[in-house]
Amino acid sequence: MVVLVDSCGNDEIQHKIHVFQSLGLKVYIVPTSKGPVITLMGNDCIDISNISLVSRTVQHVQLKVPYVLASKIIKDTPTVITLPNGVSIGSGALVVMAGPCSVESQKQIDDAARAVKNAGAQILRGGAFKPRTSPYAFHGLGIEGLRMMRKAADREGLAIVTEVLDPEDIPIACEYADILQIGTRNCQNFSLLRKVGKTGKPILLKRGMMNTIEEFLMAAEYILSEGNMNVILCERGIRTFETETRNTLDISAIPVLKSKTHLPVIVDPSHAAGNWKLIEPLALAAVAAGADGLLIEVHPTPDTALCDGMQSLRPDKFELLMKKINRIASAMALH
Amino acid sequence: MVVLVDSCGNDEIQHKIHVFQSLGLKVYIVPTSKGPVITLMGNDCIDISNISLVSRTVQHVQLKVPYVLASKIIKDTPTVITLPNGVSIGSGALVVMAGPCSVESQKQIDDAARAVKNAGAQILRGGAFKPRTSPYAFHGLGIEGLRMMRKAADREGLAIVTEVLDPEDIPIACEYADILQIGTRNCQNFSLLRKVGKTGKPILLKRGMMNTIEEFLMAAEYILSEGNMNVILCERGIRTFETETRNTLDISAIPVLKSKTHLPVIVDPSHAAGNWKLIEPLALAAVAAGADGLLIEVHPTPDTALCDGMQSLRPDKFELLMKKINRIASAMALH
Amino acid sequence: MVVLVDSCGNDEIQHKIHVFQSLGLKVYIVPTSKGPVITLMGNDCIDISNISLVSRTVQHVQLKVPYVLASKIIKDTPTVITLPNGVSIGSGALVVMAGPCSVESQKQIDDAARAVKNAGAQILRGGAFKPRTSPYAFHGLGIEGLRMMRKAADREGLAIVTEVLDPEDIPIACEYADILQIGTRNCQNFSLLRKVGKTGKPILLKRGMMNTIEEFLMAAEYILSEGNMNVILCERGIRTFETETRNTLDISAIPVLKSKTHLPVIVDPSHAAGNWKLIEPLALAAVAAGADGLLIEVHPTPDTALCDGMQSLRPDKFELLMKKINRIASAMALH
Amino acid sequence: MVVLVDSCGNDEIQHKIHVFQSLGLKVYIVPTSKGPVITLMGNDCIDISNISLVSRTVQHVQLKVPYVLASKIIKDTPTVITLPNGVSIGSGALVVMAGPCSVESQKQIDDAARAVKNAGAQILRGGAFKPRTSPYAFHGLGIEGLRMMRKAADREGLAIVTEVLDPEDIPIACEYADILQIGTRNCQNFSLLRKVGKTGKPILLKRGMMNTIEEFLMAAEYILSEGNMNVILCERGIRTFETETRNTLDISAIPVLKSKTHLPVIVDPSHAAGNWKLIEPLALAAVAAGADGLLIEVHPTPDTALCDGMQSLRPDKFELLMKKINRIASAMALH
């Protein structure tokens, strides 16, 4: 594989894309602070002299990693993703996504939305389509759940993130949600990755609990290679021999990812720990380690939650946590 | 969840199914050596006295595991899956599936089919749709590959197993293949599991490289719960800290699975080791540990393979291996 | 095993110990804020009525964990360990131990001591006896190294922590060091644990890279059961499938340990990551997660270090890190 | 490090050793089928021309691995270890070591010895010094246990393998046992490895449950580098996320070790599985994968065992297992 980059003004782009494609190259436009960068990929036998005729600024890039568009070599400025409600992820300001595991009723999601908004979160999380280990468990309210969540979010001015499992659910999820989530078990569901890539929507990609950091970035590359640069990476714990926590939060993944990619990195302490008592220390640690955001399970009444109640915070505890999070975020901002 | 079983003659089945369903129960028919067993699932508030009116033979079953249809409690005889070419999996006789990682050309798959047939294998494996870590890698020949494989298999009287990744490819794969394979990265792709479940085709389900044995059985349960009892479980290595092998073959999984489920269990030493030199000892170990079959990568010319050449056996080495496998299988048959 | 506790004044202790021992019980004195607590262990057939004659305050304690003296049930106030230079570990104020992997020369350790002191650390670390994977690698300067380290530390008013590997080295290490370190590979070297327990010296016990949190606490119990309550637990990364870091820092271990034991918990980000670039985010994360201290490799000239140069910070970088650590520690103190 | 080998007749050895040592080189004598090979190690600045004066047959060896004496480059014939009772390990014939976890009484060990002898085992295993996770558990009968075991073994013509934990116990263990065992938790207890190395006794080294194969061979190298070539490697399961078995038997370690070292490799299915029901399939798999021997827990009355009863076989089951083992071993011998 040959990788070439070409930086140029907006005017020339359409023309160049056309010519490069006619030379048999795959063309990706990567937005950077210095304007769009055209990334070209092809096989070894491409005649580079032909390409030089099209552009004198084209450069051959040697990659030490198997991913291209996710790498800092192609784009060395952080990717900032701005949502319809004006919230930006990756801009330097910490973003908090919070809400229940599943949408259960209009009242439940309304209460959750109000609570997370009041505490200072900017994005409402909630599941309408739930992946469950058992085929007999509660699998979510589906489209009805999406509608309830949208209503609750709009009232509070929150954006929405929700998971998609089945390719068939992508269109309806796109209609109601601002960010589509790919769950840990689907991190290497390449067919689903391509399909959410094509939507152009911001994608929150959870690290597979079994995936190395390199595989995680390769999974992101699947989405990016569909022309969708709006990918948010989420560390949520990996599988180890330790049984005190559900999974082991790989806190080192935050700085390692930050050193390799321009994509924003957030952390989900709720699923990593599987225990609400550990959310606070893990959330604070994630902020101190440089995360761009957090994904936290908050439920108005955890004891009656249809799933993951054990790992959900009550609104009052979440409010207190947000105060502590802000203190650490402020201390980090002084560095 | 309440689980009840009802054994009855074939004649009564349709009537009973109808009545149980009208009571709000999910009904599954599990074939056993003593005739069909009706398995009923419902929530706690089902009135069991109503059910007793329908059948006096109904029994309440207490489960210690979260899976039902995969468990030995429901069905204590081994499930035997018979393919159109007459080969049976799970019958006590060792079954060998062999062939290349990907179908690359008609000649390549013809050569592979002849070689594996001559050495004594009964099923041809080969990928038409390939899951690859990189979006830029070779992803298989698709439907063209399926056609080539069918042609090669038919000439040799072999059955076919091939992987499906995308729900959209299921119908075409069903048309050409005898067994659909779900790969390790899709072991918890619940949406795909349900869809292959609905086809009724035999399904070869590979263990997720980071899935516990219980999660593996729960993944099988997704397929079974669609009414498809033809599931073959495949141990193919799990992820550990050891780096000498690509994954660590969990040889204990064979007897552990055998103690918990009636489904046949096969082993893939090629993907576990990632190195052809290890295939022989791992294949022999799998047979000695009680596996019902093996899935082995064989390529006419591994050096030029488009993928996984490093872990593929040459035909001559495979023939020698089959002799050794048969010796161990014969020794096991004496026990 | 029967576990009983008896709180009493200092005067009665000697008498009671004597009587309890004569009843065949093992007796441990655990210092708490409410005065010493006598912990008694025996087998089931002890006649509790006999014990009641000795003390009316004795209580039977039901343990849900296999460790006794390390548990919060026996002692619910944090254990504070005070060193000869006046520094306390576990008191609420963050303690930093820093220095080179190995003592290499008087100048090297002098430079290191000055640098870590100036940056604000309170304890000098440095190896005189080094565990090395290879029998042919540098194994430390031995007693000569201890002398150099003591000289350097005394000049700066620092305490000393150093590792012991061989039971034969314990007496000499006790002479020169303030804290004895048990390395990750010896976490379950029960013979060594008992022997350092008998010294009464503060022991820094590193978690085995393969040990669960429960096994880690059981290892501490070996030291405590020799009557030595001065144990500092150190999380330093566990072994997982991820290869970007040498080990995976188990950040959750901090709050989990804090919930189970009264012993202080520190973190070693240097060995966890195996890369100096990751020390800062991991150190800050550890403080935010509630660690009582940090153990950081600092070398005056990492490029020429005889071991672990890759994971050692230069003095200037360490000074900068200490400023950031203090900012996070201050933010934590506001909670 | 420079590594040189020099093959020569027995007569010249003493002279050469003396000269090489005077040049500042470490000298190891490795016995091979072609006579002794002198292995020399030194640092880079050794003047090789000086060495050539001593021997014209000396060769410089390039190593791709960090171990020397354990590697096949130095010695490409299998190491065969012969015990006082005439049994050889590594000779091609399968060797079985069996017996209880701990020696509990003369009668218990007598019964065990008779049972394992009658079933065809050649070596009696049994613990006198037991490593236990808890300081309060049964730690073995010590020297009394050794005496009982020797008596029982001698009556049956069995050799003895027993574990040492504490350097202080080495002399007494050497007096009574034929093979000293280093347990999984001490695999990287380098101080203990050196000390058992100095005894010259055959050493059974168990793989650390979290050690890579390379680290395992480096641990063996510690023993070999003390001049003791009698090391038996024992795979006994590694730590993974799977919880159905106590550890995951790494069956691939057998062929991987066999490809890298001349040392014999045996397998302990009892500790790997932690469940007697799994011993049979794992033992048969180990033989089929090429193991030189097995280490199996057998107890006359598992229900009353002081430790590990759950994973011990009853004599009748062990006898049946030995028949099956022999069938697989015979099938393997035909290859």
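Chains here go by letter, A, B, C and D, matching the order in which they are written, and residues are numbered from 1 within each.
By definition in this document, a residue touches a chain if its C-beta (ideal position, glycine included) is under 8 Å from a C-beta of that chain, and two chains touch if they have at least 3 such contacts.
From a predicted model like this one, the values you see are computed outputs, not experimental measurements.
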* Which neighbours do chain A and chain D have in common? -> B, C
* To do: State the superposition rotation angle between the two copies chain B and chain D, fitting on C-alpha atoms only and giving a multiple of 5 degrees from 0 to 180.
  => 180
* **Per Cα centroids, the chain farthest from chain D** => A
* Asked: B-C or C-D: which has the larger count of contacting C-beta pairs?
  -> C-D
* **Computed distance of Cα centres, chain C from chain A, in Å** => 39
* **Euclidean distance of C-alpha centroids - chain B vs chain C, Å** => 50
* Using mean CA coordinates as chain centres, what's the chain C-chain D distance in Å? -> 33
* **Numbers and ranges of chain A residues touching at least 2 other chains** => 210, 239-241, 243
* **Footprint of chain C on chain D - complex, ascending** => 1, 41, 66-68, 131-136, 165-168, 185-186, 188-192, 194, 208-211, 215, 218, 221-222, 225, 239
* Structure fact -> Within the complex, chain C is touched by chain B residues 239-241, 243
* Note which residues of chain C are touching chain A in the complex, please. => 210, 212-214, 238, 240-245, 248-256, 259, 272-273, 277-278, 280-282, 284-290, 324, 327-328, 330-332, 334-335
